[in-house]
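Sending over a structure as structure tokens; questions will come in a sec.
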Amino acid sequence: MADKERVLVMGNQACVLGAIYAGLRFFAGYPITPSTEVAEGCARELPKIGGRFIQMEDEIGSIAAVIGASVSGLKAMTATSGPGYSLMIENLGYAYMTETPLVVINVQRGGPSTGLPTKVSQSDTMQAKWGPHGDYTAITVAPSTIGETVTEVIRAFNLAERFRTPVTVLLDEVLGHSRQIITLPEPGEIEIFDRVKPTCSPEEFEAFAMTPNMVSPMPAYGEGYRYVCTGLTHDTKGFTTNKSEEIAPKMYKLRHKIIDYQDEIHKMRAEKMDDAEVAFISYGSVARAALQATDIVRKAGYKVGALQLQTIWPFPDEKLREMCGKCRAVVVAELNMGQIVHEVRRALPPDIEVHELQRYDGEILTPMQLVNKLEEVL
Amino acid sequence: MSDSGTGDQTKAEAGKKNKYDYTNGPPPLEINMKWCKACNICIALCPKEVFEPNRDGKPIIARPENCTQCTICWVHCPDLAITSNYK
Amino acid sequence: MAVSLKGKVAIPEDRFEMRLSGSGGQGMILASVIFAEAIGKTDKRNVVQTQSYGPEARGGASKSDVVISENEIYYPKAIKLDLLLTMTQESLDKYYADLKEGGTLIVDTSLVTEFPTDKYFGLPFTELAKKEAGHVMVANVIALAAIAELTGSVTREALTDAVLSRAPKGTEEKNKKAIEIGFAEAAKLKAKKG
Amino acid sequence: MTTATKNKKSQKSSVILDYLRPNKGMPSVWCAGCGNGIVMTAIIRAVDNLGLSKDEVVMASGIGCSSRMPMYLDFSALHTTHGRSLAFATGVKFARPELKVIDITGDGDALAIGGNHFIHACRRNIDITAILINNNIYGMTGGQGSPTTPSGAFSTTTPYGNSEKHFDPCSLAKAAGASFVARTTVYHATQMDTIIQKAISHRGFSLVEVISNCHTYYGRLNRMGDAVAMLNDFKNRAVPLAKSKKMTEEEMVGKFAIGVLHQEEKTEFCDVYQSVVDKVKGGK
Amino acid sequence: MADKERVLVMGNQACVLGAIYAGLRFFAGYPITPSTEVAEGCARELPKIGGRFIQMEDEIGSIAAVIGASVSGLKAMTATSGPGYSLMIENLGYAYMTETPLVVINVQRGGPSTGLPTKVSQSDTMQAKWGPHGDYTAITVAPSTIGETVTEVIRAFNLAERFRTPVTVLLDEVLGHSRQIITLPEPGEIEIFDRVKPTCSPEEFEAFAMTPNMVSPMPAYGEGYRYVCTGLTHDTKGFTTNKSEEIAPKMYKLRHKIIDYQDEIHKMRAEKMDDAEVAFISYGSVARAALQATDIVRKAGYKVGALQLQTIWPFPDEKLREMCGKCRAVVVAELNMGQIVHEVRRALPPDIEVHELQRYDGEILTPMQLVNKLEEVL
Amino acid sequence: MTTATKNKKSQKSSVILDYLRPNKGMPSVWCAGCGNGIVMTAIIRAVDNLGLSKDEVVMASGIGCSSRMPMYLDFSALHTTHGRSLAFATGVKFARPELKVIDITGDGDALAIGGNHFIHACRRNIDITAILINNNIYGMTGGQGSPTTPSGAFSTTTPYGNSEKHFDPCSLAKAAGASFVARTTVYHATQMDTIIQKAISHRGFSLVEVISNCHTYYGRLNRMGDAVAMLNDFKNRAVPLAKSKKMTEEEMVGKFAIGVLHQEEKTEFCDVYQSVVDKVKGGK
Amino acid sequence: MAVSLKGKVAIPEDRFEMRLSGSGGQGMILASVIFAEAIGKTDKRNVVQTQSYGPEARGGASKSDVVISENEIYYPKAIKLDLLLTMTQESLDKYYADLKEGGTLIVDTSLVTEFPTDKYFGLPFTELAKKEAGHVMVANVIALAAIAELTGSVTREALTDAVLSRAPKGTEEKNKKAIEIGFAEAAKLKAKKG
Amino acid sequence: MSDSGTGDQTKAEAGKKNKYDYTNGPPPLEINMKWCKACNICIALCPKEVFEPNRDGKPIIARPENCTQCTICWVHCPDLAITSNYK
């Protein structure tokens, strides 16, 4: 690590660097503040490695093109913010249904609607889980530093490929636009997962075959395995079905290929949690305020810890219970009017007090606001 | 195949001049009665009145000797139910 | 369950926090990026830079924070400033309260007329840029050099490298000149203030 | 890849059976006599004539009766969301420019909800062949008006006659930048083979508008008779391009031109991008 | 009631009848199974009463036109199903932000993606709350019979006008496509609420003024009150703002104008709950299976009751706790992979067992499936 | 309502101040020299010349620098979501046909994300006046390529030159069905007054494309100089329609025609629908 | 907490449930709608009609249920059929198991050849429609009339009204004829079966 | 108004023929210096060189007597900063 080049990187650029490290070869997107630098970075960098960048006519087309590229065999990504993510919802559902690996970056700004384009927010957290209609199981990760943005984007690609599913990376305006001196991982330093390809003969091939881990091998177009990929509910071959006995297994697969393996997905940063009586629970930029607050309050002698959710969805119910096992109370801090706190309430046993601290005026929670909140809790 | 329309050619009359030698070869066309949906297109569009509808409205090759292999019926069949035995 | 933490908690001391502030066109973001890069090149300290924007991406930011620390930098924005550069009256009025007691205030005296304190380093960056360096655009670079000189947080070489790597073609000379002026003027000032 | 050299000389009528997806049962979901099937066989013959291998072709489609076609044909296929197929297809083509991408779409799919992707695919002149099956109605959802439903015509959402005007998809495509634009009808099935063949061979975005019959809804609601009657109507109203140019506007009322309406040489998007990649990777 | 005409009405037609009763004068929509009959009914009926029907180019345009008509003073509605609702998400957020009254009917079919167009589902329940990005507070109602569809659609309009907000009506394919003999309410029989108009002078007028109940009077375009309606976060006059001290009150208003008055919104049908030890909790078509099952099991002597949620959002936490106070256990039955059950778990005290019964194969839960579930619970 | 009869004879230069929204502070958010402001004053003068009352006008816009205009003008206004303003405007106009609806949009707003609503508003020929401020770039988000960014031109998303082709919004609008199509530039400010006035008076959908300068991004990235330089460039490249018709294609390279490019009499959507309502309510 | 409800619970008896089934084009939905309307016009019983569809709205349904009750109808679909009309072999095979013991089975003998029971009313609706009523399209109306006659659940007048109010112009006579045939043939059958 | 550019006319020279009688009326134009963003358009486009830039680049009416009230400056001012005192 000592000899690596130290570079100043913006959060949005970190997405580009992480993605390319993970194998990104295709980006389709539509500019939107505060995510635009991701697109601009891809426009600059992808041609250098023979990759492809296209600015589509809108966000609907962007994710559509990304899906098209992914089924054609390229690792693909798009980046946007709330309004654009809202427009991607329908085709994101298509990606869930067709089990297409891809990564969507959402650099959150204030909402609802056009809201506050240049102000920070974490109010798209629930949307990442429940935005598209129908049943599916969302994977969402959320870094909080520039270095973590690189590694979490890499992890997002790995999860997408491993589980054949879209993965959302939630950033926020502060993270997207802040810069930090980091060192980049060397080639080979972080393991890269590529989708499993079929090894059977084309005749035997079933595009959505039930396998032991429920993930079906995925060929690229043009590789001799011909199948139809449809957003209609389909059987294991990919043909549309209206039959209950074929519908239910497909739905089961969509859910359980992820839920049954969620241990592989969950990730959390725990600081000073060993003896913590009170824990901050947070994610994204707020986690940095929480770490700072923890540091401040620890120095004053209070047993406070900080949990940063790096995996937001599926929500780490069990892991959270485990981590908070010794806590008397938690403080859930978010830049919204209360979103992830509902999950925390659901997940934690009733004897742990759940306090909430929210800010929704376009500014980030400060360490001192978190510290002050503790006055009610300690 | 029992679903082939040619099996049903009860009304086929011989006698007129035709291009195909049925003693040495199959009928001019093969009709897949399972796929045919009785849309009537082939029957209506054939310039030589080769077809007649059966009870279900599906075509039977009533006048095979008329068929000039003009392609019209099979390029217009929406259900891929007609192929030629010669072309 | 209601304790008072007042007096018991202190803001962290392992962070050096600075804010460059001014109006949209004055290049405060660029300046802070250059400064952060210069530090990154100089040594192994951690650096985080943040800013605030106007509507959508358009309209420059009026402030940009740089936090420097030997340790992991948790909170990315400034909590209590060790150094504040203000290039306009408005930014001075707005951000002065965020300066730590004993923190360094650096003011562009070309545009600021009212001062909330007399403990400040004043230099006419804009005037110097126009008259001495040949273009108003390099006022931010003069200010950076002054900060470097006044704080010793970054070497002249590192700053020069960082500035030149970002400078548009054809502006190299002006920028070098600006760095020179900034270091020189700040040195004079330092000497004067003692 | 020059497809021209692969062109076959002769073709058996049974070739249509060679391109059906194994395991996917015919008959299709389409109504008896629906023009979609006629278009499907024309596409098969065109692809076969060009000598393309099945693995070279990717088919994309949206949602609609017409868009069901890729279910039946033995190509890799993306049956996408309503109106979006050209955006998906753009992703496929741009990711793998060596593949031939054929997009199947309906008048509602391409021109109502999908209008934006349609004009932008035209603008980019990306090498995709779009076959727009225009039956003047939403077939799949049961007969609502579409952007090609003529003024005054009946549909379930225009029960008192359509107050809107209709698009001419060919003019729109040309104005948007498509470099190959053609129109034909399901009656003109043999012409359709040739036109689709030309469209696929053309480098750049090609649109083939096929006027087709939805007698089940459009025909019934507008008293146009059955499939046969509608096919004959197309026969009567279609005028070969050359002839149409000699006709006055009045003479053309109720009629429409068929044939290759527009073709031009124009740089193609993937090609231009590749040259950018080459430049960036090569020098700089 | 005795003399009223009895008519056979389809669920989707009932939406049209209810809406017109409530004052509908504008419909913009885009056909989609299984909701299309709502649009078709409006196309037929609205011209008869001088109203306006337009088929837009897509669902995005449909809700946009509806918002345009609503700010212009007409009561307006659109109808769709999952894929279309997903496309409306961005502009639905605009309606939340601009506090524009309107009604969206979602006749649910199987998802995700294009899914099962002609099959029943209740998998858009969470989307109705969390679909759009940003913070806002959704109102969603859900009828279960044809008669209730008429009255719930009327209620949806009243809520929309009362609270200046979009309201979603969740139907499902079975309800939308089933027919029932009903009698229609007479004019005047059900109270109709119209938006409050400003009475001040145009000079004093503030488009998003803070009022005692937090709902701002709303003029129609052309009535002399000129203001700008924007999806950017705005101050009380409607001007965009980036100021924390103006952002926070706007966000507060959006939430609390509804949350503080949720008692006016909650509605529930309770059958045989007085002495019930076990209660079914359900909504939409499933509620009918639950009522049937309750009836069946009661006849066998078991103390079972049924709660039908007619208001889904805001979720009636308190009312539910109250109603289930005497229950030992509840069975939450849904046509999805578990959505509203999470809310029930959150809302009910830990000593009430929460059982789940889900079906997601395109068919409705049968009374016998509910009865059988009770074998585990009783 | 015949607006013609209300036309004013004389107009003071200070009329521009009469139409500013009270309480909304100028100066605008726009960069110094941005053409958006020039268009704004032209609209004011046109509205004033037509003698429209402030309450008769509703302004709609999407998202973009250009779309900020309704913030400043004292009309009822819908500042909508990106690209959707014409769909919102359709709702307003159809709900209240007696209002004059003016839509302000940018090249990204109208032609990228909003392309579909654009062509459908044209198709319906609904009586809305769309003023498309074409600066060949996304201004608001900081200089990304738009559907009117020329091939080869630079933007932050085309750092090696644009691989795509650009739309001609006027041809597109005409092909889509608009009954009034005009083009002018911010240099031709006085002509703009007249054209906008004609567009508003025209019954049916009218498009006015105004070529405008985003020197901050488009100008800078393509080395076109400041606002003044760009205005002068428009002066040099714009050719009055009549003259342009006499010029060869080669002579027109790099140039563009200005003036009313297309105008036709065509039934308007709200009018036709009203006749349906009258028919249904009246007889049957 | 695990009880067995088997044998303890019974399906409700206040509901009369019927299903009309056949292939897409046979008008089973229309028939059930007409039947439901006829009942609504006749008396104050409650009626609910449901169906299942093919892909999107296109392609007719193959089955449609009508539930009739004096009481509020909770569950809208049939639970256990009191009456099943099957116009095709496929629908008979598929739905016969849903028929209550002792329920009424009515079969179109023109198209059905294999019977799972001999307790059924068989009439060749399709043949009758073609030959006696003049068009295959009214087979469903003949079946409706037969159901009315066999069950007595709706009067001839109410059924005729309901049929005619839905009949396309020009088909009135054929429909009237169909009703006549249905009642007559069913009456014969009833008489024969006793 | 102290923000009016006309207050700053130190460089105005008399002597050339002009259309306006400044002894009896106000200067040809009113410039709102608060709104003006110094874009230079009026200065560059005025055919009569009426303006000169001040230190901040904002226009001052240097040669009022040249002004022909041609409208060019005020129809091109993007910031509504110029109005005529006569038209």
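Per-chain numbering from 1; labels A, B, C, D, E, F, G and H assigned in written order.
Please note the rule applied: a residue touches a chain if its C-beta (ideal position, glycine included) is under 8 Å from a C-beta of that chain, and two chains touch if they have at least 3 such contacts.
Keep in mind that this is a model prediction, so the values were computed, not measured.
Undergrad: Steps needed, at minimum, to get from subunit B to subunit F via touching chains?
TA: Between subunit B and subunit F, the shortest chain-hopping route counts 2.
Undergrad: Along the graph of touching chains, what's the shortest path length in steps from subunit G to subunit H?
TA: Counted as steps through touching chains, the separation is 3.
Undergrad: Which chain pair shares more contacting C-beta pairs: E-F, or D-E?
TA: E-F
Undergrad: Measuring centre to centre with CA averages, how many angstrom lie between subunit E and subunit H?
TA: 60
Undergrad: Quick one: subunit A and subunit E, Cα centre-to-centre, how many Å?
TA: The answer is 30 Å.
Undergrad: Would you kindly tell me how far, in whole Å, the mean C-alpha position of subunit G lies from that of subunit C?
TA: 85
Undergrad: Find the geometric centre of each of subunit B and subunit G from their Cα atoms only, then give the gap between the two centres in Å, rounded to an integer.
TA: 39
Undergrad: Counting only residues that touch at least 2 other chains, which ones in subunit H make the list?
TA: In subunit H, nothing touches at least two other chains.
Undergrad: Counting only residues that touch at least two other chains, what does the list for subunit D look like?
TA: If we look for residues of subunit D contacting two or more partner chains, we find 31, 81, 112-113, 115-116, 120, 140-142, 147, 160, 273, 276, 280.
Undergrad: What residues in subunit A touch two or more of the other chains?
TA: Residue numbers touching two or more other chains: 33, 36, 47, 57-58, 60, 83, 90, 94, 113-114, 117-118, 230-232, 240, 242.
Undergrad: Flag every residue of subunit A that touches subunit C in the complex, lowest number first.
TA: Those in contact with subunit C are residues 6-8, 33-34, 36, 117-118, 146, 174-175, 177-181, 285, 288-289, 291-292, 295-297, 299-301, 364, 366-368, 371-372, 374-378.
Undergrad: Which bits of subunit E are touching subunit A when the two form their complex?
TA: Contacts found on subunit E: 60, 82-83, 85-87, 89-90, 93-94, 96-98, 108, 110-119, 121, 123-124, 126-127, 129-136, 230-233, 242, 244-245, 247-248, 251, 254-255, 336-337, 339, 342, 345-346, 350, 360-363.
Undergrad: How about subunit B: which of its residues touch subunit D in the complex?
TA: By the definition above, subunit B touches subunit D via 30, 34-35, 37-41, 44-45, 71, 74-80, 82-84, 87.
Undergrad: Which residues of subunit A touch subunit F in the complex?
TA: My answer: residues 30-33, 36, 39-40, 43-44, 47, 53, 55, 57-59, 83, 113-114.
Undergrad: Looking at the complex, which residues from subunit F come into contact with subunit E?
TA: 21, 23-24, 54-56, 58, 60, 70-71, 74-81, 84, 87-96, 98-99, 116-117, 120, 273, 276-277, 280-281
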